[in-house]
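Naming follows writing order (A, B, C and D), and every chain is counted from residue 1.
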């Protein structure tokens, strides 16, 4: 693969990826870090175009123009609330490209009648398997998140068993292909591709729509591993390194999400959980004799405007209502009146890790106004009003108090400890985890019902009129 | 180099080194981490013994027995106060071994009349140069720390220039050797070895004894780089990886020491600083009209015994007096009386980073009683007595207040902000940096003069008698 | 020491690097981290370019074009959308009057 | 891709790993870190064993023995002294009455 100069260019690109990722660890340097990683990618591309003997640039150009156009369009038009879908589909394309690299290598060997070293064969099969699963799995995840495919878990008898048998069959075929001459294995190789694509679909459909973000993070990790496998196929260190980086990143994010939801990865993948399943129980206390106090926008505005400190806890409902700009407006108004306003962002609020931070950043909320639960929880007792906007599970006190709850042990923002709590949502219904929330019935809590966009607009108006 | 199994064993050893170093990041896991790294080393050794064709094990055994005996003896008998010397000498041996690996490779090629690829030649020359400099430089550092060689900077006219010319000559010879057939280059190769050894001596003698710990950390980094170079010579990934780990570690520790002393590395290496040079000035204020209040052991014991919180700041003088056990006894006595005792450990207190922590650990002080300056400085105003034992520069307020001071900007433990400060040392003389310390003359400070071992014994007796 | 083994060494080390680097990213930035690292996995564009540029028949040409297009979407889209997100993050002082 | 280049890749990645790992070590443990990492640099014992075990003449034998002895001092002494230091570190509760 190319001469020393080009190999060093690949090394440089890998180093730039690492440095870029390092700089993403702080909001100040993150944008530069992303640019550094992009430069790394450019260097790898240029090294390939110059360092390898190319028969024709025509088809490269065709693919690049199509891909750039599509990527540009999608990146510019996507709503921030739709980030999980966006990552899913990009992911799928990346996995697909890696799979095609492995496929092309095999087909070329078959065409020229070349022989296959076992190690090389294993790399190819791994690339095809992981890449194709990433492709089809990501597309199903995209469909579920976008509402194109049923959000509900699709289950049928013997589902896990049949998936497992399919996987075993693929491993057997893959092993045989790795040690046989490619010329005679093309048909079985097509089977590998088809079966891998099918497997991607089959393992994702039984997972509920609301669990999709975890699946997307896991598939993100797979897309990295697929790139690494392609690197083994081509003996290109830059691919191996970059793939490993992404593989590690995806695994870590998957782990963070599972911990934040207090569930195991196995439960997410095989639990057929979420996406409209019945309430999981927990909470306790007889339904009948509890009443939630209601408050109107005028009194809520009064409480907020005359508070010394207000902690705002946004959740998935804010994203659904697309009301982040209104919320920022409210926070600014309160700030002008001398109220200290802090946003408490739970790590799994919303539908992907860090989702709320992006939404609030979009609405121009400075990131030094955003706090992690551990930072604000100790201040709760001194907080006059905690304003919960479209969040539910992440402020559910039963996670802390009731060891039998389905979300027991999940860290929460302890709004129930504030002097007054106001919850803005449309009803008393449950959130993602399907767990009843005793917060709504506490004496120091009041509900402000309605779509968050409408109620926030009302609040802004009332505060202005004060 | 060996078959796949042995290569994987080398990979495993490298992974164990990494995991071991990771575990050294917490006192709870550190001992296990060291053991894991040692197991990694064992695996590498066994893989080499089994995986390579050996003509005879006799000479290996001879070397191993001699080395193990010497290593064992030194490790068991060294005083904790002498750690810098110990690290220096081990370092030197490591560098020497790496140099010999490179030397043997060259001599073997010369003997068999083999040819030398340029890349291979460069690796060999780098191994010889870095390894030999590490060997002789570390031995001089050892000598200076142990008092065998003059602690004073040895300087002469045109010193830097002549060293630089020597280095240039070596680079020229090294380049020529890398591209010439080894059979004809043996004499010049011997010159390379001799010149490298000489260079190690020449660059270390102009550095003052007190700066030796920085030199040791830097040479630690070099010994890693020498091992990496040996890895390039042998094309052994385990050597390359381990060497790089140590190289990074040494560089980081060097940087920490320089920052802690608020000096640049260039200043340490070329400044001919420390080791008895005259006072560097700073401080200011007329010498004459300042008086330091003195206190006797009895009154000091009284203050300590009736305090609510005491912060103890140990320094190099404690190591010199070997009084760490007495200090622990005092702290325990105070603790029994209900006094809250905290040890504030400055990162560069003593003569190597973390030196005080080891000394106090030796005296059985639990590590959760040791605090970093940033943790105790905010509590200083609420501290009744700050007890400074054989420390000086690390509690010098002029580092904070006087921008013209030689140590301006160096972080300090702010004992001057405590209600009462007691400094235990033998005189009013300066510490390592040669900077006058205005702390001694503050109204809330009192001096308890004498060797720390004696004064601490007296304090213990007095507290017991209360 | 063969190419596969070398690859394994490099892969293991890169995994360690990735692990260390990513665990330092604060939750605030996890969404851009995910889309940014996603863009990096588009590095398989290197392989895609080889297929498209060296294709010797119709099938390979199409495989190559598809691979390049897919990888480019991932790379271009991924870096751009990450940039779009990150440029919205700002401190209290530099709040522009834009919504 | 030649052995030198592979070495460079591995070296660069290992430097990143080392940097990340070491910067996480707290000041309390810097002295044992220094002596522990020092022991790891004794890995050149691998090369020393090769010289001593494959020496074909007197000079090489002596070079080999010297290399093995030096490396062993570094390895054995380094790990032992680090262990000696680290076993002295303990929390408040498990203080043994030993001085």
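Keep in mind that, in the parts below, a contact is a pair of C-beta atoms (placed from the backbone, for glycine too) under 8 Å apart; a residue touches a chain by one contact, two chains touch by 3 or more.
Worth saying up front: this structure is predicted, and the values here are computed from it rather than measured.
Distances between chain centres, each the mean of the C-alpha atoms, put B farthest from chain A. Between A-C and A-D, more C-beta contact pairs join the chains of A-C. Separation between the centroids of chain A and chain C, computed from CA atoms only, is 15 Å.
The distance from the centre of chain C to the centre of chain D, each centre being the mean of the chain's C-alpha atoms, comes to 36 Å.
We define each chain's centre as the mean of its Cα atoms; on that basis chain A and chain B are separated by 46 Å. Centroids built from CA atoms put chain D at 41 Å from chain A.
Contact of a single residue of chain C with at least two other chains is seen at positions 1-3, 6, 9-10, 12-14, 16-17, 21.
Residue positions 14, 18, 235, 237, 241 of chain B each touch two or more of the other chains. Interchain contacts (touch definition given at top) occur between A-C, A-D, B-C, B-D, C-D. Within the complex formed with chain D, the chain A residues making contact are 1, 4, 7-8, 11, 14-15, 18, 235, 237, 241. Residue ranges on chain C touching chain A, taken from their complex, read 2-4, 6-7, 10-12, 14-15, 17-19, 21-57, 59-61, 63-96, 98-99. If you check the complex, the residues on chain C that touch chain B are 1-2, 5-6, 8-9, 12-13, 16. The touching residues of chain A, counted against chain C in their complex, run 13-14, 17-18, 20-22, 24-28, 30-31, 33-35, 37-38, 40-41, 44-45, 48-49, 52-57, 59-60, 62-64, 66-68, 70-72, 74-76, 78, 80, 83, 86-87, 90-91, 93-98, 100-101, 103-104, 107-108, 111, 119-120, 123, 216-217, 220, 223-224, 226-228, 230-250, 252-253, 256, 325, 328, 345, 347, 352-355, 357-358, 361-364, 366-370, 372. By the touch criterion stated above, chain D contacts chain C in their complex at residues 1, 3, 6, 9-10, 13-14, 16-17, 20-21.
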